[in-house]
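What follows is a set of notes on a single structure, which appears directly below.
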C-alpha cells in the first residue's frame, strides 16, 4: 500500500520539478490523444447526425453494430492498423509504423465508434420540436447540424470527454503501432504515459507507474475542465 | 395559393386525416377549428413539410410541395410556423428570435433591429437577454411567435398560437396578426380551439371533423348556418333539437320536436327529419303567456341559471331544454329563479334547419 | 525423483511467476500437463516482465519464480525472498540484424559487434539503428552487460547518445517486429527469435560468445517470509524441473517445430555455464 | 493483410467447431465482464441519480472529477486493485489475486466512473416536467428512481453498453490482477479473450489474435442485441 | 386550508412573487388569474413543493409545508397537480394514468377500474393502449388531468388545465372539476387565462399582478368591482376612463373625463382623481338625441364595428371612446354603420368608480 502514497509523492515531485522526461512523455500523450479525439469528433458528429436524423433500412442494425464496436479491444485495433501500415502492408510505403502519426490513426479508429454512438444518443435526446423548429425556420443541412449541436452540446461534449478518456487511457493500440520508443529526439519517440506506465509496471516499479497514472489524470482533469467550460456556456 | 387535394394521413392503424380538400387563397387568413385530436396540428405539419401525407397532395402555387425533395428548403423558407407546444433554443431570447434571420444570412445590425422590433411587437421588449428556457408558458409562446414572424414569411402557419396567453396578450397578438396580414399580405393559416378567435381573425374557417373539412366558409356562415349537427354543436349553438317536419310549404316548415311545435324558415317538406339549431342569444325570455305574434313562443320552467362572463345562462325546460343568455341585470329585473315559469320566444328566422342526415362529408363516422 | 507422496488426496495449487519470453515458448505448458498428472496438482502460471515477476515473488503472491537474470536473482535470494535456486536450462542470446548488415558485424564477438554498431550508428547520416528492449527484462540486463563488457558506460555512452539507439520498452516479440520494421539490430533470446523468424527479414549475425549465455532457473519463495506458501508442491516442481526425464524433454523441446532445440538441458553442463553443481543436480529436501 | 482474412476464417472455424479452449475463454470473458457490468450498474445508477438530482456544494466539481476518471488507464486500476489484494496488501488474506473475482472487482472499478457519468448525462436529459410530475404524483425516492430510469432507459442502457464494452475489451487490469492463467480447471483459470489476444500477439500469432478479436465482437454483438431489445421495449 | 403568508420568490435578480398573501378554504375552488408572466405557475409550483419560496411561508392546515423535509412525501401525496405544459411518460395512456395509484400501492384490479373510469371522465375512453407520446396536444392535457384526478387528492392544483382544449372538451372538463369538488370535497386551485372559466368554476378568484394578489374576491366582485384600473382592464372591462370629480355629494359624483361629464354612484368627493369602469354590456346604444332621464346619455359617432362571437363590438367616440356589445340583429335593426351618429346611455349604477391612485398593493410596479 505504501506504493500508493509513494506514487502520490513521486507524482507531485514529477509535476513540481517538471521532470523533463516525464514532461516530454506527457506532452506526447496530450498531443496524440487530443489530435485523435478532434479528428474523431470531426468524423463522429456528422456521421452520428446522419444516422440519427436519416431514415434508411438497417438503421437499427447499424446502431447495434456501432454499439458492438464499443467492445473493440484496443489490441485488435492496434493489430489491424499495424497490418495496414507495416512495411509489407498496403500502406507500408508511408513508413508510418512506430510513429506518433500511427498512434493518432489507431486512437482515432478506436474512439470513433463510441463517439459516433454517443453522438447518436445525444442527438436523439433533443426535443423533436426543436428539430422541427429548425427545419421550419428554413435551416440548410449545415445550419441544422450546427444548431442541433448547440442544443445538444452538453451531451456531445460528454461524448468528446468519453472519447478523449478512452484515447488517452488506452495502451494496447499505442504500444502495437507506436512501440513505446524512447529515442533521443522528441519526434522519433512514441512513448506516451500509458505505454510508460505499462513499462514501469512490467519492471515492477509500481510507485512510478502510479505517479505516471496521476500525471495522466491531472492532464485529463485539465482537458475536462476545458470541456466543461464549453458545455456550460 | 395553398391547395389541399384529398390529403390523408395515417399513423399506423389510426387514420387522422381522411381526404381533406380545400383551398387557402393568397393573402387570406384561414382558421382551422375542430375538436381536440381532429388533426389540426397534423394538417399544419403536413403543410410545413414536417411530415408527408399518406395520400393526396398539397400544392402551393400549383406546385406539389412533397413531390420534389430538392425544393424543400426553398418551400420551407417561404413559410413560418408556430408550434402548439413551442420549444425554445437553450440560449437567450434574442438569439432565439434571430435564428431564422441568421439562416437567411441577414447582417448583424439588420438582425439586431428586426429582433428588437419583433420582441416589441409581441410585448417582450426588454426580455432579449433573458435565458429563453426560464420563460413562462405565455412568454415562450410569444417568443415562438416573434421567431416565426421576424422572417416575414409568405405563409405563416400557427398552431394554437394564443393557447397559453391571457386576454390582454391575446388581443395584442391578434392585432399583430391582422396587421401582418394587411401590411405584408402574408397568407395566414392557424388552428385554434377558440372559435371566437377564428371568427375575429379569419376570413374563412375550415371545420375539421372526422378527418375532413365538415364545412368551410366565412365565420358568419359557419356560426349561423352550420352544415351539420356536429358543427352546430362545435360552434357553440346550445339549442340543438331533432324533429320531423309536420307541415312544410312556402319556405316555412312546422317541426315537431318531442311534442313541441316550432315554426322555422326552411324549404324542408313534410315528413323530413331535420335538426333545428337556435343560438341562445336569439331566444328571448319573458314573463309567461306573453305572446308575440309571428314568433314561436313556448312556455316552460327555469331549470338552471349559470353565470357566464358578464351574462347568465338560463336553461328552460319547454318539453325540450332551451338555453338563453341574459345579462345579470336582466335576470334580476325579470326576477328569474330556478323553478320560475317563463315563456321562451324566438323568430322563425332564428331557427337554422339542417336537413336530412348529417351533412358530414365522407368522414370515418 | 519425488519428495512426497505422489497421490495426495486433494489437488494442490502451485502458482508460478515466469518471465514472458520463457512462457511464450510454451515449454511450460508442455511440462505442466505432465506434472499435474504425476502430482495431482494444478499449476497456475503467471507470465510477466522480469521486474513484475520478481515483484509477485517479493509479495508472496506466487510459490515459485522462474526467471533468467542472474544479478537480480542473486539480489532476490540475498534479500531472503527466495531459496533453493535450481538451474534447469540454458541457451544463447543472438544478435540479429538486417541481412545487409550495414555495420558489418557478421561473425564478430558480441562486444566487438556492439562497439561497431555504436560507431556506425553515431556516424553522420547513418541508417544504422539498434533497438533495445529497454524494459529492464533479463534480455535487457544481458544487453547492458554486453555494453559494459565492451567498455561503455551504459547510461552515458549508449542510452540517449543519438537516434541510432532506441529503447522499445516492450516485449521481445514487439522489439523484433520493430527492429524488422526499422531494419535495425537487436539482441534476442533464441526462443522468441525462432518463433518470429518466419515473419522477419532479420538474420542471426552473432550467436557465439560466452557473454551471450542465457541461464534459466527456478526458485522457491522463502517459506520463512511467507509461511503459508505451498512449499511441498513448490519443491516438487523444482525437483521435477531438474529430474532426468524432464531434462530430456527440455533438451528436445522445439526440435519438431523449429528443427533445432530451444534450450539445452542444464543437468550435465554446470561447468560450461558456470554454476555450482548443486544448483543443477541436487533435489531440494 | 492476409492475416486478416486468415483471422476471419480462423474465427469462423473456432465458432463453428466450438473449439473447447476458446469457448472456455469466451465464457469466462462473458461471465466476468457481464458480472462487473451488472455490479457497476447497481452502483452507478443510484449514484448517478443521487448526483444528478441532488443539490449540494461541489456538485459540478464532482461531475468533473467523474469525467476525469474516464481517463483512468486500465493498468492503473489494475495496479491499485493489485496493491489492495496482493498478499501483502490490506485484503491479501482473502487470496483474491489471480482469481476471476479479482478481475470482476477491477473491471467494476474501471467502468464505474464512465457508467456513473453517462447515467448522470442520461438522467439530466429527462424533461424536467417529467421529474416534477413524478414528484407531484407522490413518488418515494425509490419509485422516483425506478420511473425516471424507465423514462431514461434508452440512454441508461446505452451507458450499460458503454460499460460492458469497456469491461470486455480492457486488458491491462485483467492481466495484472488475473494473470492470464490457463489452468486445467475452469474456475482457476483467468484467461479471457483480451488477455489471450495479448498473449497471441506477443507470440506473433496475429491471425489467431484477430480471430479471438472477432469472437469477442460476436459476443459483444449478442449482448448489445439483448440491450437493444430492452431499450426499445 | 391553504394559507399563503407573504410568499416571495426570486429567480436570481428577477422578483416574480413579491409577498403573496391569501387563503384558500377547504372545499373551495380558487382561481388564480393574471397576465402572462405574472407568476401563476410559480405560485402553484411552490404550493406543490416543487420549488421553495425565497421568503414567506405556505401553510396547509396550519403546517408550514416547506419547513419539514421529512413530511414532504405525505404532503405531496395530499395533492395532485396538472402542469401547464404536461409531459407524458413514454408508455401507454393507461400506464400514464396508473402511475400515481401504483405509487400508493393500489391493487391491480382497482387500478384497472379507476384508470378506466378516469379516462372515461376526460373523454378518452378507448385510448388506454395508445402510446401517450403520440397524442395530440389536447389529448395529452386530458391524460394529465386524468392522471392527477385519479388519485383523488385532497387538493387539486391545475395550471391552465384547458389551455389546449376545444370548447366541447373544456365544457366536459369543467363539469368534471365541479363534480369532483362537489362529490369529493376536493379543494381546487387552478390558474387560468380564461377569465370566464375563472368565473364559471371558481368560488373565489385571486388576481395576480405585479407579484401580489391585486384583488381576491368572488367572481362577481372581481368582474364588477375591480380594485384597480389594471384589474379592470384585465377582467375585460373595455371602457376605462380617467377623470376628476367635479361635484361630489350624497353618494353621487359627477366626473369630468376629457370634457365629457359622467354621473356615477360613488362617495368620492370633489377634486379626487378617479377611474371609471363601465362594462360594454351596460352601455345601451340608441338613435341620437334619445334621452332617458336619470341615465348618462352621451352623443357620439360610431368608429368601428367588430364581430365578436355572436355579437358585434361597436365603438363610439363620445369625446372618450366607449364600446358596447350588440347582437348582430340589433346592429342591423338600428342600422348602425361606421360614422353613424348615435347616443350612448348608461345608468350611474353601472359605473364602477376606482378612487385615488391605483389600489395596487405593494407590487414592484
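Per-chain numbering from 1; labels A, B, C, D and E assigned in written order.
As a convention for this text, contacts are C-beta pairs under 8 Å (C-beta built on N, C-alpha and C of every residue); 3 or more make two chains touch, one makes a residue touch a chain.
Since this is a predicted model, take the numbers as computed values, not measurements.
**Student:** If you take the chains that touch chain B and keep only those that also touch chain D, what is left?
**Tutor:** Chains that touch both chain B and chain D, as defined above, are A, E.
**Student:** What are the mutual neighbours of chain C and chain E in this structure?
**Tutor:** Touches both chain C and chain E: D.
**Student:** Within the chain touch network, how many edges lie on the shortest path between chain B and chain C?
**Tutor:** The fewest touching-chain steps linking chain B to chain C number 2.
**Student:** Where the centre means the average of the CA atoms, what chain is farthest from chain B?
**Tutor:** Between chain B and the rest, the longest centre separation is with C.
**Student:** Is the number of contacting C-beta pairs greater for A-B or for A-C?
**Tutor:** So, comparing the two chain pairs, more contacts are at A-C.
**Student:** With chain centres taken as the means of their Cα atoms, state the distance from chain D to chain E in Å.
**Tutor:** Comparing mean C-alpha positions, chain E is 56 Å from chain D.
**Student:** Once you find the CA centre of chain B and the CA centre of chain E, what distance in Å lies between them?
**Tutor:** Each chain's C-alpha centroid was found; their separation is 22 Å.
**Student:** How big is the gap, in whole Å, between where the Cα atoms of chain C centre and where those of chain D centre?
**Tutor:** Result: the chain centres lie 35 Å from each other.
**Student:** Which chain D residues sit where two or more other chains touch them?
**Tutor:** 127, 201
**Student:** Mark out which residues of chain E touch at least two other chains, giving numbers and ranges.
**Tutor:** Only 85 qualify.
**Student:** Got the chain C residues that touch at least 2 other chains?
**Tutor:** Where chain C meets two or more other chains at a single residue, that happens at 48, 174, 177.
**Student:** Would you please name all pairs of chains that touch?
**Tutor:** Listed in label order, the chain pairs in contact are A-B, A-C, A-D, B-E, C-D, D-E.
**Student:** Would you tell me which residues of chain A are touching chain C in their complex?
**Tutor:** Contact set of chain A toward chain C: 86-87, 97-98, 175-176, 179-185, 188, 191, 195-196, 199, 201-206.
**Student:** Which of the residues in chain C come into contact with chain D in the complex?
**Tutor:** Listed in rising order, the residues are 13, 15, 20, 24, 29, 33, 36, 42-48, 59-61, 171, 173-174, 177, 195-196, 199, 226.
**Student:** List the residues on chain D that touch chain E in their complex, please.
**Tutor:** 127, 129-130, 132-140, 143, 147, 150-151
**Student:** Would you tell me which residues of chain B are touching chain A in their complex?
**Tutor:** Counting only chain B, the residues touching chain A are 45, 48-50, 73, 76-77, 79-81, 83, 85-87, 89-91, 99-100, 102-104, 144, 147-148, 151.
**Student:** Where on chain C is chain A touching in the complex?
**Tutor:** 48-55, 134-137, 160-163, 165-170, 174, 177-178, 180-182
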